[in-house]
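See below for the structure under consideration.
Chain lettering (A, B, C, D and E) follows the sequence in which the chains are written, and residue indices restart at 1 in each chain.
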Amino acid sequence: SPSPNPPAAPEGGKQPDSVKVGVIPILDVAPIYLGKDKGFFSSRGMDLTMESGQGGAAIVPGVVSGQFQFGFSNVTSLMVAQSKGVPIKGVANGVASTGVDGEDFGGIVVKGDSPIRSAKDLAGKKVAVNTLKNIGDTSVRASVRKAGGDPGAVRFVEIAFPQMPAALDAGQVDAAWVVEPSLTAVKAKGGRVVASNFVDTAPDLTVALYFTSDKLQADNPDLVKRFQEAMRESLTYADAHPDEVRQILTTYTKIDAASLPGLILPKWPAEPNRASLEELAKLSRQDGLFATAPDLAKLVP
Amino acid sequence: MLDVRGLRKVYSGGGRRVEAVRDLTFTLGAGELVCVVGPSGCGKTTLLKCVAGLLAPTSGEVLLHGRQVTAPPPAMAVVFQEYGRSLFPWMRVGENVELPLRQKGLPRARRRELVTDALAAVGLSDAEAAYPWQLSGGMQQRVAIARAVAFEPEVLLMDEPFAAVDAQTRADLEDLVRDLWHKLGVTILFVTHDIDEAVYLGQRVIVLSSSPTVVREELTVDLPDARDQLHTRGDPRFTALRTHVLEQVRAAKKGLPLPSPIRDAGT
Amino acid sequence: MDDQAPGGGQPAAPARRGTTAWLGVAGLATLLAALEIVPRTGLVSPDFFPPTSRIAQALATEVTDPAFWVALAGTLKGWALGLLIATSAGVVTGVLIGAVPVLRELTASTIEFLRPIPSVALIPLAVLLFGTDIRSTLLLVTYAAFWQVLLQVLYGVQDVDPVAEETARSYGLRAPARVRYVLWPTALPYVMTGVRLAAAVALVLAITAELVIGAPGLGARIAVAQQSNAVPDMYALVAVTGLLGVLINLGARAVERRTLAWHQSVRGEVVA
Amino acid sequence: MRVARRLLMALALPVVLFVIWWFATANSSNFYFPSLRTILGAFGEVWTGERLTVDVLPSLLRLICGYLAAVVVAVTAGVVIGSHRRVRAFAEPALEFVRAIPPPVLVPVIMLFAGIGDVMKIVVIVFGCVWPILLNTVEGVRAVDSVLLDTARSYGVRGSARLRHLVLRAASPQIFTGMRQSLSLGIILMVISEMFAAGNGLGFTIVQFQRGFAIPEMWSGILLLGLLGFLLSLVFRVVENRALSWYHGLRRSQRS
Amino acid sequence: MLDVRGLRKVYSGGGRRVEAVRDLTFTLGAGELVCVVGPSGCGKTTLLKCVAGLLAPTSGEVLLHGRQVTAPPPAMAVVFQEYGRSLFPWMRVGENVELPLRQKGLPRARRRELVTDALAAVGLSDAEAAYPWQLSGGMQQRVAIARAVAFEPEVLLMDEPFAAVDAQTRADLEDLVRDLWHKLGVTILFVTHDIDEAVYLGQRVIVLSSSPTVVREELTVDLPDARDQLHTRGDPRFTALRTHVLEQVRAAKKGLPLPSPIRDAGT
């Protein structure tokens, strides 16, 4: 495993700022772990601790109340939060789709023997997404729409990613939107990818962001700035060193070593793709996720 | 009919080991009415529970009709000393008396009749709809007696059944028991503290020693079969017998050695 | 019904306890065997529900990881502290409310109102107040376990035998003495059940809190295993929580044998 | 008069608490703690009309099915386990093993067997509600008075009559304790079960509000859960008072 | 010292309304020993509970030293009819006896002494470490008596305290009560069913009527103060008195009208 760099002494002998980041222990956040490992944060005077929560329910309030300085969340959740007036603000890109149809880190899968051939056939079918009224159903609808089907006829069921392979296998759902590593698990059981919903939603869709609270942004812009810089460096590094990413995954996840090489890694561009977010916001609004459009200018770093 | 042979019971548990009964042997003929007296704590209740098949003896055995008793035999009724706890607090008096009858599979009408009669016999006709805990101690005890009486058992075991009732009621109940015994030919084993009662009721009186408990004496009550409260108790033979039993119990309590001549001491 | 059967005369208590232990092991073994067989029959896919043997393997590797023991210690700490707070608070409140009828009437509706509020709904609150601190876990654990104890105490207090109560009053025992010598022993069997219920609920909540909030502990490890599709590892960790439950119950039973030696439920098993 | 007094008693503390809540949050600027006024406003908007039939009703039905099934299962198992020492020794560790598994981990397992529909949700509720009733039944059955047991045995009260007239009745005070515990657990589990694969229901809606940052609506949902618990407990008390009238009478008998 | 004035108690609840006691008025002087007899269910226990301040009368009042009794007065001990339930099953015999003493704030050594003496007096020295439920019925009742005796009360209320003990033990306990009464000058109200016992023990005997309960008779027992089992019970005056009381109880049970001349009936 990559030898952890000794934390570089912060300038001026100042005590490093202790920074807590609320993350979900999944593939998507590999850059921050890698960046920490590489010393991108310590060299900027930040002593980083990752707090792994299971989702927005725990991370957003943690950031709002200042228990965490930063958090990781998918963009739809952030847009919803913003439109509801949650005082948060995006600070760095999180993760993005590979943009390659059929080769994305997430996709709509069906069982090998399923009659469903394309996203068009999903109309009238039961599709699993990890959370309803979120990026999953919006992007799946986009796939269906793009394939010429009726997006309104898809029935969504909420099932957590880890349970999707079993639900699909047992026929409890007709299709599922899964991400890695569940995607690999489904494919290993003979599942097929019928559409890459992120790709169908927008080119190079930005899927998640790191964010902070308005309060921290106002009180300590310097820290936010340093975090942004470190994050940018980490993202760029991760994007360029897929092998090290696979390696770092073994430290904070339990992904089976055998399936590691086959995982499709997402893209980690240094900056979010504004255009893709606008498209997503538009689609989300169509789906009724929020009444007033989120202020993307404020949300997106 | 009922044979108790070499019965021994040792309680152990809670850090205590008590030899409640050391060695009891006696026999009850079919249709006999035998009273048991003995000092407090000598093991009368223990004996009764063993006979009822509720408690396994440590050694020795109880035979009913020649077969060993290991579980409560059917057609046996027991009136427990702890009358208060032996009534079901969630059932009204009538239901308490009726339950065993229902268990016996008697038709409804017959059950009603038995319940009503039994309650009337113990003077509790108007308490039928009360809960046991709404009754006085003596009334509760009488409910327990009524339950046994209504059951029309073949063998009736009674453990100080009249302890909580007043003198007059007690006399009435004594006569009720003898009536019942005559009428139904039931075999009765009757534990009491009241020596007069033992002599008045029983055909025989078994006197137990104090711990370690053995049978101290078996005394045949040679009073005429037709007894009544006034004349029988006035009979000099009655007085002689009761005095003899009293002395035995006294001696038993003091742990004196058994007197050598057993039978003629009372004469 | 073998408890009441004659013949249970006086077998030596230690021997009985030995049999009890073996029966318990047999029971667990039966459960584990069933869990081995179910996926093998194809009722569910072993990929999603691995057989016991596969879980045992994962458990074997799991226990060699020092981080596992750290997580276990973290969970146990949250559990024990939470349970302690909940039990003390539950007992004190319960006795107080139970012994003073007016208080009981006054609080009944509020208690009934608060009890069904799920701890999971309190997660944002906990995170808001304490982040991923152990206090978050404690808040959830205590909240959930408290009601279990409280309710049992309330019912237990009501179980006092009126004759015993009258005896105490007639001998001039004042309220605190009556609580200590009459009310408390009466409620104790209920309290024991309450503590056993609360112990399991506290464990469940400790793990859930870690699972969702990410406070360090077994739950956080389960979450990682879940997210990583590491099915056998996940079940291995779940099995650990199950085993913890078994151990906790053993402890509770031992305490019960000592403190409730006088009670019908315990004495009935010693004497025939 | 008595009704008025009881009403007063029941409402006094909640009213006080609500007043405190009202004033404490009146000028709240915290996003997660909106003012009570906002919450009550949301309550009126959210929990009226169609939501009652679409979300609250299915939840209630699942809750009732699950709860009743749990009572039946737990009492049956509890009587068996409580009256046979060896069965208890055999089953207890295994049960304790299962009991310690947290519902959020257990639900996926249940999903494997029971699918993702209502059956799964009911099973989850049963699974959580069973324990308090089971434990209390076991303890209640173990504690049946020995003199009563002897009485029943000597009068040949056996089998189902023994069960109905002795064991269940004697254990009923404790069984009701467990049932009361489970009632609120049932509501909690209803919420948890609806966090998985649900498309409607009270718990589902609350979780949706939480995820959608509709915080006043979420709080109003929590209020509704509390209210539901309170109402169900009222119903429960009526049932309990009927079933345990002898017990309450006995306990009160000498205090009048 | 103890005045019962126009006491009336009606139980209502569970759909039943029972007038347990209609109108009782009597007085106990300080240091008096008075026995109460009456038919089963006539309200003796109810009376005792009202006197003990455990039960609020429906009307009428109980005065102790001129002050109304509303709660159990200190320095009062009660032996309950339901002896089994009045012992705490979670305490050993010794602890059961000791508890009230501890409450009184006696020093440890004194408590030990009182407990040991009281248990010895009722013949239970070796049961001190047993739990109540390991004892026989009579033994349990004696523990309850020992508890009251050790308490050294000013007023002692006893509800059929000897119902479960054997004849000999009963005689011994009767003497124990009289001894205690002499020694401590305690005021005793003693409920019993045994008419001989009432006459043997009491300075006065109060006979209650059956329901609706009133005082049927108050009889002064004009036997010499020094009593002993042999001579007193042999005394013709004793026999006359007991016969009189028996008749009264019998009549009470049958609900006969009160006899006009009260005092000289026994002469």
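Definition applied: a residue touches a chain if its C-beta (ideal position, glycine included) is under 8 Å from a C-beta of that chain, and two chains touch if they have at least 3 such contacts.
Note that this is a predicted model, so its numbers are computed, not measured.
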| item | value |
| --- | --- |
| Busiest interface, counted in C-beta pairs | C-D |
| Magnitude of the superposing rotation for chain B and chain E (Cα, nearest 5°) | 180 |
| Chain at maximum distance from chain E, centres defined as averaged CA atoms | A |
| Separation of chain B from chain D, taking each centre as the mean of its C-alpha atoms, in whole Å | 49 |
| Whole-Å gap between the CA centroids of chain A and chain E | 84 |
| Whole-Å gap separating chain A and chain D, where each centre is the average of the chain's CA atoms | 38 |
| Junction residues of chain B, two or more chains touched | 11, 13-14, 53-54, 71, 82, 85, 131, 134 |
| Junction residues of chain D - those touching two or more other chains | 32, 112, 145, 153, 210, 249-250, 252-254 |
| Interface hub residues of chain C, defined as touching at least two other chains | 44, 48, 124, 128, 163, 166, 211-212, 234, 263, 267 |
| Interface residues, chain C side, partner chain A - complex | 44-45, 47-48, 123-124, 127-133, 211-214, 220, 223-230, 233-234 |
| Chain D residues within the chain B interface of the complex | 145, 147-148, 150-151, 153-158, 161, 165-166, 169-170, 172, 246-247, 249-250, 253 |
| Partner chain D, residues of chain A touching it in the complex | 56-57, 60-61, 64-65, 77, 80-81, 84-87, 131-134, 156-160, 162-163, 166-167, 170, 172-173, 289 |
| Parts of chain B lying in touch with chain D, wherever the complex brings them together | 49, 52-54, 71-72, 74, 76-78, 80, 82, 85-91, 99-100, 102-104, 131, 133-134, 147, 151, 157 |
| Complex interface listing, chain C residues touching chain E | 161, 163-164, 166-167, 169-174, 177, 181-182, 185, 188, 262-263, 267 |
